[in-house]
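Just below sit the structures, each encoded as structure tokens.
After this come two complexes, each holding chain A, first together with chain B and then together with chain C.
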Partner chain A sequence: MTVERFIPALTRGAVALIGTLAVGLVAVLAAGLDPVTTLQAIIDGALGSPYAIRQSLTEAVPVTLTALGVAVAFRAGLFNLGGDGQIYIGALGAVGVSLLFPELAPILLIPFALVVGMFGGLVWGCLAGVLRAKLRLSEIITTIMLNFIAFWIISYLVHGPLKDPGGSGYPLTREIPEAAQLPVFGDLIPSGAVLMLVAAFCVWLLLERTPTGIKIKGTGSSASASRFAGVSMSRVTILVMAIAGALAGLGGAVSLQGDQYKLGDFFSPGWGFDAVAVALIGRGTATGTLITGIAVGALRSGIQSAQGTAEVPSSIAQILLAAAVLFVIVGNAEGAGQLVRRSWARTRGLASE
Partner chain B sequence: MTALVKMGGIVKSFGETIANDDVSLEIAAGEVHALLGENGAGKTTLMNILYGLTIPDEGTIEVGGVSVAPRNPADAIDAGVGMVHQHPLVVGALTVAENFSLGGLGDGSPASMLEAVADVVQTIPLEVDPRARIDSLPMSLRQRVEIVRCLAHGVRVLVLDEPTAVLTPDEVQQLFGEMERVVEQGRSVIFITHKLAEVQTIAQRVTVLRHGRNVGSFAVGDITSAELAEQMVGRELSDRSAKGAPRAAGAARLELRGVCAVGDDGECLLDNLDLEVCAGEIVAIAGVEGNGQRPLADICFGLRVPDSGEVLHDDERLPQLRDWGRSKVAIARIPEDRRHEGLLIDSPLWENLRYGPNLSAKRGLINRRHEVARARSLLEEFGVVPPDPMVPPSALSGGNQQKVVLARELSSDPDLVVAVNPTRGLDIGAQRDVRDRLAALRDAGKAVLVISTDLDEVIEIGDRVGVLYRGRLETPIARNVVDRARIGEAMAGLLDDQQNRAEA
Partner chain C sequence: MSDLFDIVTSATLYAAAIRLALPIFLAALGETFAERAGLVNVGLEGMMLMGAFGAVLGSDVTGSALAGVAIGLLLAVLVAAVQGFVSINLGGDQIVCGIALNIGALGITAFLVRAIWEGGNAPQVAGFSAFDFPLVANAPFVGVAVFQQGIFVYVALVLALISWWALMKTGWGLRMRGCGEDPLACESLGIPVKRLRWQAMLICGACAGLGGVFLALGQLLTFSDGMSGGRGFIALAVVIIARWSPMLAIPSALLFGAVEAFALRVQSSDLDVPPELMLALPYVATIIVYAIVVGRSNPPAALGRSYVRQ
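Presenting the complex of A and B:
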């Protein structure tokens, strides 16, 4: 990369960072907090100890996995707003397998549950893909609707058939057996973080080193050129939504098996939508999304911990994330803005496809 | 003649494309004035400037003797200019009356609206329920709603942008009747079209635009359709047509037998078309835009299956494009619109050089270094400037973009080349390059089919020349026996009419 090309990227980064920090400062002051101690508390909470780092990574994994899927969809000109639904169905698959086959050895049960969770998400994503490809229904609408369906299915199950009878009334499933729980390496690196890295590498490989990746990016940038190249839009659409769903489903399974161990109806604190922001800030690339995802995980985890130590409200994290998205789009008409515009153009062009 | 509209020295460029190059235009009161030209000749740009949708780089506009510089359609309407686009801009989700109120007619109630349009509907009956939703109406009525809306605003000049393209023949007649009633009131109609017959039917005067320039204004009575066709597609018909008999061609590479194509509304697009393109020859098909070029090209590109008839490539049925990679079909395809069809305009060149039917057959990982090196040598071979595989086509000039398309398509070593308007929008030097390249391919024994609306080009490069008119094609004839007057007539459909008369 030449220096000339690098400078605009730096400018954009600076705009986003300064803008975000300015908004954060206003929010912190408005909450009546001292900015310096608040920042100190957040950084300590995010990175200050091995435990803090482990928590940051744990927090980062589901949102980053989902965001990687959203990024792939963005590159094909599709909005995957269905991350939450796919996460819930993924977690349902994982919890189902874990509770049905508790006798299996960990070496079998862990990957089995993960794969079933991933497959659940894949099916959920695929549904939106097929509706888009075959019936020309906007995936923006269908993925949101599928979120509701997934959420209420899970809600019904955890209030009813799957409710833990010994759970003192909470709408939660039983805890999954230890054989299904993901190990933590060296008390520092959760195995979900390793999966996240592997997934990011696979997404990078897919987008940058495979013919399919060229097709995904091609359909995202021009439907007419893709038609002329003999690339099937509907095949790519279904494939991409399947990939997005599978990654989110994996995110749900990993959070279940590596962090929460029980499925309830507030399993996801909105990772599906945070993932859209993360993928946008990461400009739809695998590396950008991975880095942003980890940063957002650390921020959330840091603020959660600062809630206890410096009484920082957790909503600050959400404000910062939203401000970051806004400033990245403002400072970057070429990248993130283009992703949104293209996807929106494809949606508006549905009728004429 | 009192000029109601005077446009002088209009210049407008979009990037490096010059859409209007010093165009002047005068429209008299009470006339239907046709604006004739191929797609991309700059007709719509010129009228968008008059209507305030596009701001010109240079030039002056006068309406009724008053100098105006419309910055938006509201300015233009105030000045007395209204415009109806091919796809009317009325809001589909609103009713007819609500659409009128959007433009500021009446106080918003259907009754007051109808009052405002009452005068207008005496000359142009609306014949629609004002409470009907626009998207429930056929295109012809949407157009009429727009026309009525413009007239109710009191415009003196009504611009109609290719209004007949979306109408049935009956509806066209009705529209022409409406146009006549409008000009009877002393207003003027500017009628954008590329159909010669319509010019002769409805217009009193005609201005021809070609490559963004005004090539002349004529009284319709003083000029024949054949002459108009020449004006429109290139009047300096070169003497290159007399460069001797073509050499003998080899085996047939592409054969179309009895090919018919039917449009969405059941209209006939291609009518029992026979065509043979042989190794070592260039077959060039002339014709005015919209006479079947698009479906013919799509069929050769594997993008459209003929409704009847056969398409043979090397004596085998031509598969659909998506199966080309698997069945090793290598046909070079130069599409009409290189920016939107030929290229991924924002993706790096090396990806563009792979983006085609062969990509679908490719498996496994891409060796990036190998691809970039391949791209660089292709770009250098085809003289693309700059030969940088990482830049996107949007950073290149039109001529270089076309070279990228050629590089990709010829890299599969095809034995057949199909090109549609391969030099449109290119500067003279780039045109030369592309035509030389096509001739070199012919000399190397490839079969070449060129479908072009540029008659100069057809006559210059075609070994055999045919004319497409209303989906029909006569067997292309050798260029040394081509009579250019006859081609002009064939393009204007006059041969056809004479034949019909003779038969009747």
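Presenting the complex of A and C:
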């Protein structure tokens, strides 16, 4: 990498980070908080103890799994804004299996519920993929509609047929049996975190080491060239949306079996949109998405525990994510690139292009 | 079954349909300008949300609904300015920018609601009430269905007419549509592509903001997190269904207003239908209508492609 290309890349990253932190500082000051104690409280809440680390990982898993799926779709040029709907349907599959077969041994029930959850998400993602491939409906619109449809289906179920009759009136399902609950390794590493790492590795393999990955990336960077090379666009579209849905569905199942144990209509606190931001900040790569996802999980968990001590509003996480995505696009933008190149050329005493 | 018949034939259903269609229509009208000029604005939802929030804030602080309109419009146009700067000046990815703005608007409004109002809930504020349109308000059926609405309905109708005329019948509109078809050719003819696209984006922000303002001040008289409820995305579908025409956006938006009104009426009737499933109906309808219409659509040629003068 030449200096001319390396410096702008480094500047872009630094500017995005500093910009995002500045936005966070403004938000913290606007909330009337002391920045130093707030940051301290968030870091403490995210990483301060083994329990905090476990919570951070737990929070990171559904977002990161969903974001990995968003990343795969993004590389094919598709926007999966339907993470939330896929998470809900995934959790529904997992809760259904767990409550229907409580007598199964954990070794069977846990993977069974996870797989059915994954399949639920896959179906929900596939719907948008098929609508896009066969009818040319924009997945940006259909995934959002499918989110609301999934949400109201779940809401109907947990207010009606699936509502726990013994619960104190809350719209929640019964708690899943212990045999369906995911173990935590050494009281520190939730098994969901292991699944997250495996999923990230699989996505990396798919994108970087398989012919399918080449097709996916080719479709994203130049649709016409791919079509000319004989790649079936509709097959790639349905495939990536199925993968995206399956990963989000797995995220829902893992959160159900490893953290929440009950399904209610506020099951996902907006992981679907967080995941879109995470995948975009991670530039659609498996590693970038994994790292960003874990960081966002830690941030969310840190803010949650800081809410008790320093009253940090949880919406700050969303504001920071939006700001980070904006800075990343600005960094990637053609016009901004021109500006940077021109000023770089000027500082080296060369004439502007 | 007679219950269902009563619902479908009641004039108040159609009055509700018009009321519920209005925010979607206004957002779609704005998006029509943006897309005709070649800009995809997925941030519609965020602009509506900011409009609704600003309306409640302005109305609460001053006690005047008109001030609410002003603040709501201002905030929505600010969001549009960010979208405009990134997509027009920097040539950044328009869709990604819109998605970021939607997430940001959700976060900022939720943040400000908790920072501003005691207890973290927006209060009930002064809004616009319905009035009887002179002479025709008491006409049978149509009077209740159409002519007992708030001022916004008539404002929207006038806006639709002006937009249709400006976009389809003036040189300015022709040049703006040119920017959406072939910006390079426009530039070579001396047409200021950047300026026209900025105008389209700011109009889009104002219209979407007005949609949000109406959602807050014409219907619910308060703000709640994410209250735009996907209407910005339904509006994106309406633009396509209306084939990028300001006038066709009226019946297209009305269709969704009617579905939502129907769902709400069934929900509050004696019919034994789960209310939650009725609330999913507008979203199902969006996909179905969109699927029926899209095959024949013909979007602006340069839609969504970044264009930065070299």
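One rule holds in what follows: the second predicted complex is superposed on the first by the 325 of 353 C-alpha atoms of A that agree within 3 Å, B and C clash if a C-alpha of one lies under 4 Å from a C-alpha of the other, contacts with A are read in each partner's own complex, and residues count from 1 in each chain.
Here is the rule we go by: contacts are C-beta pairs under 8 Å (C-beta built on N, C-alpha and C of every residue); 3 or more make two chains touch, one makes a residue touch a chain.
Keep in mind it's a predicted model, so treat the numbers as computed, not measured.
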**Message:** If we overlay the two complexes on their shared chain A, which of chain B and chain C does A:217 touch? Say first, second, both or neither.
**Reply:** first
**Asked** Between chain B (first) and chain C (second), which does A:33 come into contact with in this model arrangement: first, second, both, or neither?
**Response** neither
**Prompt:** Regarding the shared-chain residue A:159, is it in contact with chain B (first), chain C (second), both, or neither?
**Reply:** second
**Message:** Per the contact definition in the header, classify A:236: touching chain B only (first), chain C only (second), both, or neither.
**Reply:** neither
**Message:** One more residue to check, A:91. First (chain B), second (chain C), both or neither?
**Reply:** neither
**Message:** Which partner chains sit in contact with A:207 here, chain B, chain C, both or neither? Use first/second/both/neither.
**Reply:** neither
**Prompt:** Once the shared chain is lined up, is A:136 touching chain B (first), chain C (second), both, or neither of them?
**Reply:** second
**Asked** Which partner does A:319 reach: the first (chain B), the second (chain C), both, or neither?
**Response** second
**Asked** Does chain A have more residues touched by chain B or by chain C?
**Response** C
**Message:** After overlaying the two complexes on chain A, where does the chain B footprint on chain A coincide with the chain C footprint?
**Reply:** 338
**Message:** Which residues of chain A touch chain C once you look at their complex with the stated criterion?
**Reply:** 27, 30-32, 79, 81, 131, 135-138, 140-142, 144-149, 151-153, 155-156, 159-160, 270, 273-274, 276-277, 280, 313, 315-319, 321-323, 325-326, 329-330, 332-336, 338
**Request:** Note which residues of chain C are touching chain A in the complex, please.
**Result:** 42, 82, 86, 89-93, 95-97, 99-104, 106-108, 110-111, 114-115, 229-230, 233-234, 236-237, 240, 274, 276-277, 279-280, 283-284, 286-287, 290-291, 294-295, 306, 308
**Prompt:** Can you list the residues on chain B that touch chain A in the complex?
**Reply:** 301-303, 321-322, 324-325, 333, 335, 337, 340-347, 351, 354-357, 359-360, 362-366, 368
**Of all residues in chain A, those that touch chain B in their complex** = 205, 208-211, 213-215, 217-218, 221-222, 224-232, 338
